[in-house]
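The structure is given below, and queries will be raised subsequently.
Think of it as A, B, C and D in the order they're written, each chain with its own count starting at 1.
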Amino acid sequence: MIKIGIVGGTGYTGVELLRILATHPKAHITAITSRKEDGLLVSEMYPSLRGRVDIAFSAPDKANLKECDVVFFATPHGVAMAQAPELLAAGVKVIDLAADFRMKNVAEFEKWYGIPHTCAEVLEEAVYGLPELNRDAIKTARVVGNPGCYPTTMQLGFSPLLKADIIDAGNLIADCKSGVSGAGRKAELGLLFSETSDTFKAYGVSGHRHTPETIEQLQRISKDQIGLLFTPHLVPMIRGMHSTLYARLNTEISNEDLQALFENAYKDEIFVDVLPFGSHPETRSTRASNMLRLALHRPNNGNTVVILVVQDNLVKGASGQAVQCMNLMFGLEESTGLMHVPVMP
Amino acid sequence: MIKIGIVGGTGYTGVELLRILATHPKAHITAITSRKEDGLLVSEMYPSLRGRVDIAFSAPDKANLKECDVVFFATPHGVAMAQAPELLAAGVKVIDLAADFRMKNVAEFEKWYGIPHTCAEVLEEAVYGLPELNRDAIKTARVVGNPGCYPTTMQLGFSPLLKADIIDAGNLIADCKSGVSGAGRKAELGLLFSETSDTFKAYGVSGHRHTPETIEQLQRISKDQIGLLFTPHLVPMIRGMHSTLYARLNTEISNEDLQALFENAYKDEIFVDVLPFGSHPETRSTRASNMLRLALHRPNNGNTVVILVVQDNLVKGASGQAVQCMNLMFGLEESTGLMHVPVMP
Amino acid sequence: MIKIGIVGGTGYTGVELLRILATHPKAHITAITSRKEDGLLVSEMYPSLRGRVDIAFSAPDKANLKECDVVFFATPHGVAMAQAPELLAAGVKVIDLAADFRMKNVAEFEKWYGIPHTCAEVLEEAVYGLPELNRDAIKTARVVGNPGCYPTTMQLGFSPLLKADIIDAGNLIADCKSGVSGAGRKAELGLLFSETSDTFKAYGVSGHRHTPETIEQLQRISKDQIGLLFTPHLVPMIRGMHSTLYARLNTEISNEDLQALFENAYKDEIFVDVLPFGSHPETRSTRASNMLRLALHRPNNGNTVVILVVQDNLVKGASGQAVQCMNLMFGLEESTGLMHVPVMP
Amino acid sequence: MIKIGIVGGTGYTGVELLRILATHPKAHITAITSRKEDGLLVSEMYPSLRGRVDIAFSAPDKANLKECDVVFFATPHGVAMAQAPELLAAGVKVIDLAADFRMKNVAEFEKWYGIPHTCAEVLEEAVYGLPELNRDAIKTARVVGNPGCYPTTMQLGFSPLLKADIIDAGNLIADCKSGVSGAGRKAELGLLFSETSDTFKAYGVSGHRHTPETIEQLQRISKDQIGLLFTPHLVPMIRGMHSTLYARLNTEISNEDLQALFENAYKDEIFVDVLPFGSHPETRSTRASNMLRLALHRPNNGNTVVILVVQDNLVKGASGQAVQCMNLMFGLEESTGLMHVPVMP
């Protein structure tokens, strides 16, 4: 059994980790920390876990995280970088669901996240935790920066085209839509039911911090300079993310070959599902599962490819992907504990 | 492996059976019928099942249901009674998710469902499939009438009080609320998003067919004549059922003893969770799981007990309970394949 | 024109007052206060009001409320009682949308609201602002306590039966359901979209402060001692309130006479609509309007009457009713500025 | 008073016409037709209209539409073209909310709508009913083709840039999102609450009939060939439409000049609201009103302008716009009866 610690388990990615790990055959949750909720049973905060997760929150200083095999950080940005060095020194692996270890470019990190990066040496060895594009590095990693939710969809949607070098890399548009849980479990007016239900809006249109993360990763697989225009929107639904991606072809290619390109790219991937050409995937087809589904369109048979990508932002977009990384880091079958069938309706 | 047939798999209870059975370690789905969708892959209709359920719908006459060990009917009322005799004769067990085998009183059935009951001899041996109140009979049953969603909550909420004979059995009130999926997957104006979202209403207040079903069952455990006033409502949510039950105490009893009564009644039940006295269970704490949770209140320490009961109407209220019955009928551990952790948020 | 001040205009009852008053032909909004938002244009906080409400919030000490004809308090409990004496002394009328002037019983107020009542002399003259039951007193009132949302539905539903003295007054049950906006615009975790969407729960079942308010008012029209069991629930919708009321008849009466009783009671009321016997009113049939609709049921022709009552909690349940009172207090046609057609779908 | 007939009043645009016209000071609803609901009071189908609209549906052959001053067609495509000639001959004006008179290009109409256009001569004189771009023609029109909901947002968003000739007209992208009411009141599985709630998807990505309508209109104001990629999505909300428009600048221009361009374009428009540069309009800021709001963004100060446009699809996107046209056609103040304050929350 893998002894697991979770730092900051009171948010949505934390409780989703618990939901997944509660039925993971190799996971033993050893400690879960919360500064405010020391001593409270996890199942008192989350009655959905009654009878399934018996552990109580403990204050950070009381939790003996160094005895874990791996510690997940489901915390605000900045927490993981403060604690990672000591854990690594004790032989504990680290998976951060926040942004501390996502971007190699420290200047960009500090610009977008507004905090100094205090842990350059760990960042250097950190591995970007997107298994479909970075599997081998994750297997041997000691510290993983789990991707952002939006960046997961953008990378898995654009990368086959960039690798094949058949699109204008400098002119990518990603019009993305997320359920409200993506904003986290924070007592903010803007996230109230009465403020977000039965309405729709964009946010961060002039600039969002998932842009530099995505560009940094896409640049690794593109010969040309990446130019990305990313527009996030808030959808009145709890879970789910839908990215509508636009790319300009710079070569002649048939729809059949486009489809084959994606099917080949993901033919061995258990968590990426390429739908038939022209399909319209719904976010609910991935609800509460680690699946990402995508489909290709070629409107008017023109030179723009539209890629529709859906996932559950809390699973493949966060906690499920983190467990997928853990499985790789500990030599388990990659899908261990992650084979939930999506919940529909 | 248990060879399983599903008749009428295109509705919500059908697809929920598929979701559950897809990861059930002893289940092999042999056939799934649909008159309209003969030949269509189940996963084409329900992309959530892509990669997990490979079978196609077959027309009823093509499906060799007699080779199954058990057949689930996820059909409109009247279908199971027409096909059950032949299946039973072939040694196939039958679990009906509709009302054909729920009520022993044929006259009441015909009055409320508006169709003649054509299968009195099977009805006679049919067992009411509520394991917590009828476990032994289910274990040896050849044919099970799976309870209605509302009746499940009413029975599990009222029965400890009726068995203890401490309430006025003739004066029960059940004010119940259901998510929209409870109305099924039917192309009706009244079920449109634009008709049911952001609004709330009661329906069937002057009379609903779950009333006679519930009365028949409660009468089996009550010395006095059952009187039940049942008021169903439609909630703008997909899944979930919340029943607010009112019962008048006819004896002095402390809140501690009331709580103990329920805790003892369900202490060995894996799918019934008695929350601390005075709790307010949320439907989402059972979402996509087979759990039913309940809590007791005693407003103003008066002589009325309020029991709050929640479940997922498609799982414990339908398909999960049916699989629970199947497990009992085939000598499996009752919880086999049913240990999904509720999906929250 | 009536010069109007609003204290505390940043909450939902405040913005709803603005929506209504913006098209009220006799209303001139003179001042709207907010401690935090001094100087901010109302339309910057609420873009829905762009071009329609030009005023800015002002700090309480800057707003010259004494020059108003009437001041609405859309504030937390306790604010109106602190400021009312000075305003009244200056000849300004007061309408409080909070609870300060709702209950004559100070001990009950202090028990349920947890604050001392510091303004007994104003309370003494305060008038309960439910026009359908208290119209004459409102017309001459200097200070009005606007009813709670739930109490409005309970009183208009039960009162015809109590006045006719045909029900068991000691045994009333009100199972009520409210949209989330009823909880106000507060940055609380429990009100987040991800916490309240696609789920349903009861709250305050062991005791809620709208119970004593309702009992005090119902007692005024009942010969017998009122006993009320009130159970509030939270519905995943923004606006709307549905109360399901249960009353035991203590006399023989036909359904036709019951219906006639209600139709006569409300035949001159423009904002109370008695639907045909056996109807199921939907909350959306009152959305964004000052209408309250109700319908009667007699399940199984037994001795229990079920009254279904719906309203928009922010209009007839709060700000619309307050304007209705204002109209009466200033000698206007009662419906002035309140004839919005409900928004459907 | 204007005598008004409505053909096909049972759908959402029909009932929305009734909501608006019920308080329009110059409107007298003379007849409303429905083949199925002959004799049924409108308020029996739509209880929201009880006490406000007293008329009953009448069968088409019984309604004396020729005595009206104007007839609105809130019908499926193809109905208006069949009846318009006779009405026009009788001196009745016609406003069609369907597509019959939107597109001058008959071949395109027939290709996208799949029915023959049987009324070329009326089509020739028909005027496209977007007042902000076509006001003078509407004033003198006898027959108006009311714009589609999506085309309204695309035209009002792109047109200032096209008129100024500062964008690449051949490379427009419109990523649009609509509430479910936009699909109409049809008993279809795909529109059920349980199918559309808590999920998000695109539809018609490979081609949607609002594309040729929009191109035809934009071409009228563009020197260069219009190329438009339009991607519609379905949002789990009742009303509301949000269009995210992308245009490539082909010239140097400051953000201030961009903003001024739009503010000037719409400075006299009562129903178009240009928000401050960089704003994120929400659909709810227009709910149940005839307002359209938009805001400009320039991500990374690059050469792409993003225009965010919101409206209520049933009002400015349909019935409100139709009444706006009617006001113009009858010489009324354009905003008559259309000054509803948006409903928020």
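The rule is short, and it goes like this: a residue touches a chain if its C-beta (ideal position, glycine included) is under 8 Å from a C-beta of that chain, and two chains touch if they have at least 3 such contacts.
Predicted, not measured: the structure shown is a model, and the values here were computed from it.
Most remote from chain B, judged by the distance between CA-atom centroids, is D.
Across the two interfaces under comparison, A-D and A-C, the one joined by more C-beta contacts turns out to be A-D. Work out the mean CA point of chain A and of chain D, and you get 39 Å between them.
Averaged C-alpha coordinates give centres for chain A and chain C that are 45 Å from one another. Residue numbers of chain D whose C-beta contacts span two or more other chains: 12, 179, 181, 185, 194-195, 197-198, 236-239, 281-282, 284, 287, 345. Against chain B, the residues of chain C that register as touching in their complex are 173, 175, 177, 179, 194-195, 197-203, 205-207, 227, 229-231, 233, 235-240, 242, 244, 246, 278, 280-284, 287, 297-300, 302, 304, 306, 308, 310, 345. Those residues of chain A that touch chain C in the shared complex are 12, 179-181, 185-189, 191-198, 236-238. Chain B makes touch with chain A in their complex at residues 12, 15, 19, 22-23, 46-52, 181, 185, 197-198, 238-239, 270, 273, 275, 281-282, 284-289, 291, 293, 339-345.
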